[in-house]
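Multiple structures are listed underneath, in structure tokens.
In the two assemblies presented below, chain A is common to both, partnered first by chain B and then by chain C.
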Partner chain A sequence: MRRDNVKIVLGIWTGLVLLFLFAPLIIVAIFSFNTSTISRFPLSGYTLSWYAKLFGDGMLREALWNSLIIAFATVVVSCSLGILAAVGIHRHGGRFTSGLRAFSLTPMMVPRLVIGIALLTFYNLIQIDLSLFTVIAGHIVMTMPYVILIALARLVGFEKTLEEAAWDLGASTFTIFREIMVPFLKPAIIAAGLMSFTLSFDEVVVTFFTTGRENTLPMMIWSKLRFGITPEVNAIATITVLISGLFAVIAELTLRRAQEKP
Partner chain B sequence: MLHYRGSSRVMNQIDVELQSVVKRFGSFTAVDGIDLAVQCGQFVTLLGPSGCGKTTTLRMIGGLELPDSGRILVGGEPLATDGGASRPTRMVFQNYALFPHMTVAENVAFGLRMQKVPKAEIETRVKDIVALLGLTAHIEKFPRQMSGGQQQRVALARALVTRPRVLLLDEPLGALDLKMRKHMQHELKKLQREVGITFVYVTHDQEEAMNLSDTIVVMDHGLIVQQGSAAEIYQNPVNAYVADFIGEANLLSGVFRDGAGDRATAISPLGVLGGRLPESYRPSAGDHVLFSIRPEHVLIGQNTASLDFNKQGTLTEVAYLGGSSRLTLAVGDTTLRADVPGLFTAPAGEVVMFGWQAENVRILRHDARFTTPVA
Partner chain C sequence: MRARVSTYLAFFAAPKLWLLVFFILPMMAMLLYSFWRVIDYQIVADFTLRNYQKIGGSLYVGVFLSTIKLSIYVTVLSLLIGYPVAYFLARKVRRFKMTLLLLVILPLWTSYLVRTYAWMLILGTQGVVNQALMGLGLITQPQTWLLYSDFAVTIALVHIYMPYLILPLYAVLEKIDPSLLEAAWDLGGGRIRTFLSVILPLSLPGIASGCLFVFIPSMGAFVTPELLGGTRSIMIGSIIAQQFGVAFEYPFGSALALVLMGIIFATAAICLRYGKPRGAV
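The block that comes next holds the complex of A and B.
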């Protein structure tokens, strides 16, 4: 009987934690279908007009498009450089391994505001016009430590004899990397890619300092918030959550399949 | 029939040669200047406890470690250090090191792809070697879906399919259970005869070494202590380390008295004992020595009266091992082990006669690691 009580208490506790985590998201999603412009229960009625309005908004479409371009570019560059850096640190770090590791992870600890200001100062110094490229560069600086961290964690479990066996069978360093290391790192690459996508897609602060005329989706939300929390903002937020969530689900499924079949 | 690069060669040609090879890791000297010549088509085992330098030696032959000094020749040519698919050796690793994301077929084909063998030929060669090792039913499986013994075979197939001149094996049976290990020993020996190439094998298991090898190379602290066939090493160990490591030995401390040729006498806790000296060891009177007597050379019973040496002792333990019985005898402060065939019926505590022939006793150099208190 005691066991059952414990189970019930744990169940209720878990439910409360989940509610705490997800209630705000659910409420945002609900209000995005509200006919009234005021976010208050009871709802005055259901409508899709806010979504229709969003998709009719050319500036918003452009912002979404910019956000996606930035996120994809960030993922590609950040992952390729970050994975290579992790492999380099793991393989050739020697007695510098822990130092290099800590050093390459520092940007993660630095406040985004500081990264943003530093990037802006740097761009001014080398006289580069702010554009999508400067935003992408900024996002790479911000996300690469996460990629390195994830890849290094996976590499700890890598058996060096696999490399030796491949070398023994005549594989070149590049072949060893492509055919042995990359398949081993696949789950880490996927996780790192999705992580940097989500980080980049949501980023406001670094984007704010590094963008020129271009707007991104989170920046739009910020600017719209000046007029209060409108159902329109709720609709944008809901779309953002859905895109991020979709990627998280894809990541989870891919990782699970990778674990089932090596 | 498969054709291996070594199979057309004359049998007494040297396949692997080490000349004064030294390897240090920091301040630790793993291999301390060894010379070794391995004949073509032989099964050679490097034997010794962990840390004796056997694996380092094997890895140097395989090119995975570079010697600090000395030369290594494979097939009469210095080892290329830059890798590549035309290297003459292939290694079978202790943990198999199979590529986890590849099937058996893909694992086995890997080396052939690196050698740029045409696709159609890869397919037939993979099929042949997989059949030879009895893996045809598992060819589409991933390594983790297979047992340790099967993974071991895949590792062998992956190395052999590239037709190396020398196959290097680093404790390949270490991870298997006893029964599987015995079975794989038999399979390995058979496989080596079939493919006819040189095998250099590393193990710390003396029974495995005796079971498999044409030549055993006993190593200790980075040096080769003795090499020869299992029988030569067992019957004529050069020192107490070898006597103790290969088979079992009763080691008794003593003081050398006199000798002529390989016949000698020395004073032991049991009295003056006659024995034989190894060729390389000629002590002088008063030197500390060790006697080595194999348990099966210690005979028990009344008929020991006619032997070169006999005495009375007390049985302290009797264990029946199936084919033989292991007796433990106490004579004063000295403990002796004796193996007698069949079931031995006398109980512990009984006083028995024991003895041996002087020709079965070896008088060896003193070694502090094996010294027993002198009575």
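The block that comes next holds the complex of A and C.
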């Protein structure tokens, strides 16, 4: 067999690009275990004290708590509304659904900054005080399009005959939704839920404009960075990256397995 | 008929209501505010075009232009770096394909704040790059242009958004019918000719959408220029954000954001119009 030089060159290139994508995160993780307060090489020694310090930090615990409340509320509402919308779009075909379809593309079209300031302007106009609720509302707007897209992608493989059979046997729309659509969509719901959680948990721009006095974890990183780099930030950053990475792998594997045997 | 209406409402009432209240109305509010003004720290309902006239001044036009320029750099770099990766994943690799794809997707799930911050560690005066270069004896003093510059913002934005370009490009490249390539080969087209006159034109839709997925968030970037741009590299996102902070200029900020959205929509329309497959087929 002829050696494919193009393949070798492209393979090396891909490896270098992956290194470019991952090396910065790995460097942050390495510094999070470094004893020195200055994040620089050579490393001065191994320690877990920055992590230990995090657990003793009351403000940080409160921020984490807020982040979790926001993320859980976002997941529940965003998934419920997004799944309903996706099944509705799937059932009704193109009619009366163009608005929601266009909305499902907003994450690609509308920068987070614009979503954030539009919400802030709106809250200012109707004189609503900023709170956790105003943040959650924004996070739901931000994540719902992803839920709709993931669910619609899964629904492409849906056997219409299943639904028709249920109709013929006298099942109501609600029964069909509960007994057929939801189980079929389960992998998509899991993946969409994990994705919404991660997006919400990591979000700083939309939160920045819609939060009142409440702090969240990314907002804390953001304000700490204003005063320079501290080793605690390395530790928080490493934890959030690990959580997101774990969720990403679970979500991808769930979707992939579902695709293999529908 | 009534059943149809009630199922329609069951599926769409809640999502559409949420969309209306927390997306459409806020956009309308922004449009409304852009014609208002601030007098004595009070937002006053008015109808004035002065916010838009103010944007016409050279200062803001300049920031818009430099933001567009930087976003174009980021997009072109992402395309040049990402295209070979997408091509490799779609057409050259079989065994580790799924693992490699997962590795490309994985960074998209991680916080853009953390990924921006990582570059502060790498490009700072005590950062990895400066230390490596000094260790190699290539420079004697830390280079300060690495951080707080267009360079830092560009490299970080490429790092954050390039995977968004690889994915649609991969999807398009994977669908190209191998028999087309064989035909080109049989007709005597070399590798380069086959690439330029078959593969490249057929991948145009992927290039167009992939470039948009990089260009649009770069235009609206706020966290990255704020942390890595310093005073030397200012993007419109930071200027817009300032209007909603201490400056308390919601009306002017709204007008700036609407101009930004106008530029984004115009670019999207152009890209999607010219991004149709041409040439071959």
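The criterion applied here is as follows: the second predicted complex is superposed on the first by the 220 of 262 C-alpha atoms of A that agree within 3 Å, B and C clash if a C-alpha of one lies under 4 Å from a C-alpha of the other, contacts with A are read in each partner's own complex, and residues count from 1 in each chain.
Criterion: a contact is a pair of C-beta atoms (placed from the backbone, for glycine too) under 8 Å apart; a residue touches a chain by one contact, two chains touch by 3 or more.
Computed from a prediction, not measured in an experiment: that's the story for all the values here.
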item: Partner chain(s) touched by A:Phe122 [first = chain B, second = chain C, both, neither]; value: second
item: Which of chain B and chain C A:Trp167 touches, first, second, both or neither; value: first
item: Partner chain(s) touched by A:Arg257 [first = chain B, second = chain C, both, neither]; value: neither
item: Chain A residues touched by each partner, larger count belonging to chain B or chain C; value: C
item: Which of chain B and chain C A:Phe184 touches, first, second, both or neither; value: first
item: Which superposed partner A:Lys53 touches (first chain B, second chain C, both, neither); value: neither
item: Which superposed partner A:Thr175 touches (first chain B, second chain C, both, neither); value: first
item: Which of chain B and chain C A:Arg61 touches, first, second, both or neither; value: neither
item: Contacts of A:Phe20 with chain B and chain C, given as first, second, both or neither; value: second
item: Chain B and chain C footprints on chain A, overlapping residues; value: none
item: Contact set on chain B toward chain A in their complex; value: 62-64, 83-87, 89-91, 93-95, 97-101, 110-111, 114-115, 142-144, 158-159, 162
item: In the complex with chain B, residue positions of chain A that touch it; value: 159, 161-162, 164-172, 175, 179-180, 183-184, 186, 261-262
item: Complex contacts: residues of chain A adjacent to chain C; value: 4, 6-7, 10-11, 13-14, 17-18, 20-22, 24-25, 27-28, 31, 38-41, 77, 80-82, 84-85, 87-88, 91-92, 96-97, 99-100, 103, 106, 108-115, 117-122, 124-125, 137-138, 140-141, 144, 173-174, 195, 198, 202, 204-205, 208-209, 218, 221-222, 225, 229, 233, 237, 240-241, 244-245, 247-249, 252, 256
item: Complex contact set, residues of chain C against chain A; value: 3, 7-8, 10-12, 14-16, 18-19, 22-23, 25-27, 29-30, 32-33, 43, 81-82, 84-85, 87-89, 92-93, 98, 100, 102-115, 117-122, 124, 126-128, 131, 159, 162-163, 191, 212-213, 216-217, 219-223, 227, 237, 240-241, 244, 250, 253-254, 257, 260-261, 264-265, 268
